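Next come the structures, one after another.
Look for chain A in each of the two complexes below; its partner is chain B in the first and chain C in the second.
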Partner chain A sequence: MASEKNGRSVALDAHVRRIDSQDKVATGVLTVIVGLVMLLVVAIIAYILVRGAGRALTPGFLTNPYNDEAVPGILYQLWDSFYMLLVTLIISVPISLGAAIFLVEYAPDNWVTSAAKTAIETLSSLPSIVVGMFGSLFFVVTLGWGISILAGACALTMFNIPILVRTIQQALEDVPRSQRDAALAMGLTRWETTINVLLPAAMPAIVTGIVLSAGRVFGEAAALIFTAGSAPARLNFASVNFLSPTNPFNIFRPACSLAVYIWRLTSEPTAGSTEIVWGTATVLLACVLLFNVLARLLGKLLSRRLTAE
Partner chain B sequence: MTDATTPQATPAEGSLLTTRDVTVTYDLTHEALHKTSLTFEKGQVTALIGPSGCGKSTFLRCLNLMNREIPRCSIGGEIFYHGHDINTPKENLFELRKSIGMVFQQPTPFRKSIRENILFAPKKHGRVKTREEEDELVETSLKQAALWDEVKDKLKQSAHALSGGQQQRLCIARTLAMKPDVVLFDEPCSALDPISTFAIEETIRDIASTGICEIIVTHNMEQATRVSDRTAFFYVGDMVETGTTQQIFRDPHDQRLIDYLTGRFG
Partner chain C sequence: MANLMPKRRLENIGLGITGFCVALVALVVVTLIFMVAQQGLTTFFVDGLNPIDFFFGQNWIPEQERYGALPMIVGSFAVTLLSTAFALPVAIGSAIFVVEVAPSFGRRIFQPFIELLVGIPSVVYGVLGLYVINSLIKAIFGDAAPTGAGILSGSLVLAIMILPTITTLSMDALRAVPNQYREGSYALGCTRWQTTWHVVLKSALPSLMTAVILGMTRAFGETLAVQMVIGGVERSMPMGLLDPASTLTAALTAGLSNAVSGSVYYHALWSLGMILLAMSLVFILIIHLIGRKGAKANG
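Moving on to the complex of A and B:
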């Protein structure tokens, strides 16, 4: 009896030792993989910073126009990037919100709905250069808007919508069913329930999703080259004529975003343009990182305001 | 299947709420509730008991037509409320649910302040207009749910900061603020500790004394004996036996009810 018990415990010990070492190996391998990914990110960021931080921090780089004699800057491109982002969000957020609410709350469970969902997912995997080509043919030529901020924003909207619809849909679905039932049981209509109960509860996640998508839109280049143009615009911030091509707010003028500017300077280098490219890349990177941090902060702040106070 | 000794099991003239042969089918084929006829009176608490999946919650959710919110769920039979059948496609669900309130298993406060939780629906329905009316409604509703003394100094705070029991009483107060004449409870205490449970049971009795008709689904048979005047026992989609709570627990007739009460299944 004793020996059998002993034998069993020896076998058990060996088994424990084996799964122990398996566990260690697996943990080790996974740690190395994660480490590599992090190293890659850090390396890219560090490389861009080393190459571009000097230029990005040069006084005047952020505040001078591109044709400044002493320090050529990126003021116009910076403005155009943010302005185009703003126009894109103004168009895409209401549409996405509406689509997501419809899909979650109202859409009947049938083939039309599943076709709509598939269509949205397909839209999100369209190559952005194809979106750009379509935008150039449809918005620029067919609708006759010309190479313009509006055409660019519409192209950006086309691939911002699927991301937004997906995140808003997820945020709405994550609101507990009981909240919805409670509101309906109080005699509220579905619409009142959605607007007054579901949306506030989902708001932190929705805002986070919007800001994250903004980061993606901000760095997009391919879809803009044929729609918003790639020639740096000359802007006159004192202009009050909203139809003038130099008025910063005119949505029918061509515009050149930071990412497109990088593409243009790289494909058509001029004297000293390499420095500007790296400086611009640094600014672009900083903005995108900022969007990510902002998304987290806003999300946390909102959910604290909605739950605690 | 109804017990012969309970005349109220057949629809009586002038009753507040009466069901006649109510059936519920999910996905067109699965019958979750078989022809159920019950009557509920003003100021009376009725407990619906039975093992899990017996159809008691399904039946409860027919009374305010919440089952209509579930896709492919159909309700058959007639449900008379104040003498007219509400189980028709023409029935205005939103009007109906203003006077038949419901409290759920999990407390479901909205992400709003305590005050706004109470006023939310009355405001939407345009029932309160002035600040004074609002204050009064908040106070009376919270007092009815025995929550006023605990929260009167923090009405502007989030309802999510309350304890589970307080949240559930807030949900009761919120329901009462609609001035309903029927309140449905779907296992209101199953997520709560014994002390909160006791407080809610007391509240249920107090509300009944104001003439409101209450129907409560419960797994807890002790609770049924403590709060209810009448009890109905459900088993696998059938309403097997109904009567006064005293009769059901002291002198059950149906073998399945006897087995259930003696703990042979459940």
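Moving on to the complex of A and C:
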């Protein structure tokens, strides 16, 4: 009797020891994995920033045109990137805002709504090259805009809308139910409630979302190669003729963004292009990281102002 | 002015504007699907290419009018599966660590960290792959990989790119598991690992699968990063992981600028685009099916 009990407790002890050591090993392995991932992230970002820093910080790199003989720079590409981003946001923000408001506030629970949701979901999972192909036929040929900033911005809009709609939808849904109910009970219509109550309350999250999506758009290239072109534009900042292909503000001229420029230089390398590629990559990554920081700061600032009032 | 407007009219205007936005987006998506299908099917119905030769042909040599898409299809699936295999254990492992072992570290430090990876543009990954990973592969394998370009390098770059996608979605999936499940398991005397392995992972399985599929969607459609490192050889079938190969997206990027609009080559490229489109629709369908099954399992 006693020996049987003893045997059982020995077996139990062994089992406990086994699952304990199993637990320790698992925790150890997981810790190593997370450590490696953190290391990888730091290594990647540090490598890119450091590898191209020499070129990026060379005086003239940011302010010279690409065909400068002494220090070829990226001034035109920088301008094109920011300008195309601006045009994209001007087109995509109102549409996303409207679509998100419809889906949150109005959408009847029927097949039309679910079809619209599926359409947006489809858009979000489309490969960017397919969007680029479609743009190269629809915007460039069918609508007759040619290879242009406008066509590029529309392709980027298609890429940007699903991201924006999702964040704005989330922001609107996060507004406390009581605020909505109170406004409706005061006799406001749904539209007035949305404009006067929900949008201001959701504004910090919406702004954060827009700036974050701007970072994504800024680095997109595949959708642009066949819509906005990949040849470096020649710009004349003194030009006042808005229809001239060298006028920086003309939305019907071809443009080459930083990301497309990197792709072009790696696919058609020339003497010394490797250094320019790294320099441009550093600038591009720095811009994207700045967008990330800016998004968080703006969100915090706006919500502090809103809650203080 | 707005105050004077009858409420009913104001409401209708609001409904009209927002409804128009949604309709516009839906219309663009429908146009896109229609256009890709129309151009892609022209290859078979007007140019008279045999679909079987197209999908199973092993040589893509436009100069000789040979359009066999199998090398690219195989390449796309190979990099997708291989990169998922690389990224999956790391992603799930880190998700378990930051949700089950160190939640506050996960929320405050790890999450912002991994989100930095999402922000890196795909061309920058391409540059990194081209100059760093390809050289590494060349150094490791020597003569077996003369350029370093190939399916293996492509998969490594993609694995880094989809790692944040799978990790953050897995973290969400694990966080969504109700705490009572864990407490119940602990109360029975289970260790943390037993709880994670037998209870948490099992109940989060449908969401974890969705995370993996979304990662695969991204890998399958990723364009420039892959195109820059994989070598761009679509003439014949890839024979090994170290041979230069191509994917559907890479072949499109390289080919579309040379193709004359309206030519057979141009339409054949659109057919490749049609395969890409069809695959992303299939991925969406799978996600919906998993979601429906998960909803049924949880009552």
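What we mean here is this: the second predicted complex is superposed on the first by the 277 of 309 C-alpha atoms of A that agree within 3 Å, B and C clash if a C-alpha of one lies under 4 Å from a C-alpha of the other, contacts with A are read in each partner's own complex, and residues count from 1 in each chain.
The criterion applied here is as follows: contacts are C-beta pairs under 8 Å (C-beta built on N, C-alpha and C of every residue); 3 or more make two chains touch, one makes a residue touch a chain.
Please read all numbers here as calculations on a predicted model, not as lab measurements.
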{"item": "Partner chain(s) touched by A:201 [first = chain B, second = chain C, both, neither]", "value": "first"}
{"item": "A:30 touches, of chain B and chain C: first, second, both or neither?", "value": "second"}
{"item": "If touched residues of chain A are counted for chain B and for chain C, the larger one", "value": "C"}
{"item": "Touched partner set for A:109, first chain B, second chain C, both or neither", "value": "first"}
{"item": "Chain B versus chain C as contact partner of A:228, first or second or both or neither", "value": "neither"}
{"item": "Partner chain in contact with A:185 - chain B first, chain C second, else both or neither", "value": "first"}
{"item": "Chain B and chain C footprints on chain A, overlapping residues", "value": "189, 192"}
{"item": "Contact footprint of chain C on chain A as seen in their complex", "value": "19-20, 22-23, 26-27, 29-31, 33-34, 36-38, 40-41, 44-45, 47-48, 94-99, 101-103, 105-106, 115-116, 118-123, 125-131, 133-134, 136-138, 141, 158, 161, 165, 189-192, 194, 215-216, 218-222, 225-226, 230, 259-260, 262-263, 266-267, 274, 277-278, 281, 284-285, 288-289, 291-292"}
{"item": "Partner chain A, residues of chain C touching it in the complex", "value": "7, 10-11, 13-15, 17-26, 28-33, 35-36, 39, 89-90, 93-94, 96-98, 101, 110, 113-117, 119-124, 126-128, 130-132, 160, 163, 167, 191-194, 196-197, 214, 217, 220-224, 228, 249, 252-254, 256-257, 261, 269-270, 273, 276-277, 280-281, 283-284"}
{"item": "Chain A-facing residues of chain B, complex", "value": "64, 66, 69, 71, 93-98, 101-102, 104, 106, 108, 110-112, 120-121, 124-125, 157-158, 160-161, 171, 174-175, 178"}
{"item": "Parts of chain A lying in touch with chain B, wherever the complex brings them together", "value": "109, 176, 178-179, 181-189, 192, 196-197, 200-201, 306-309"}
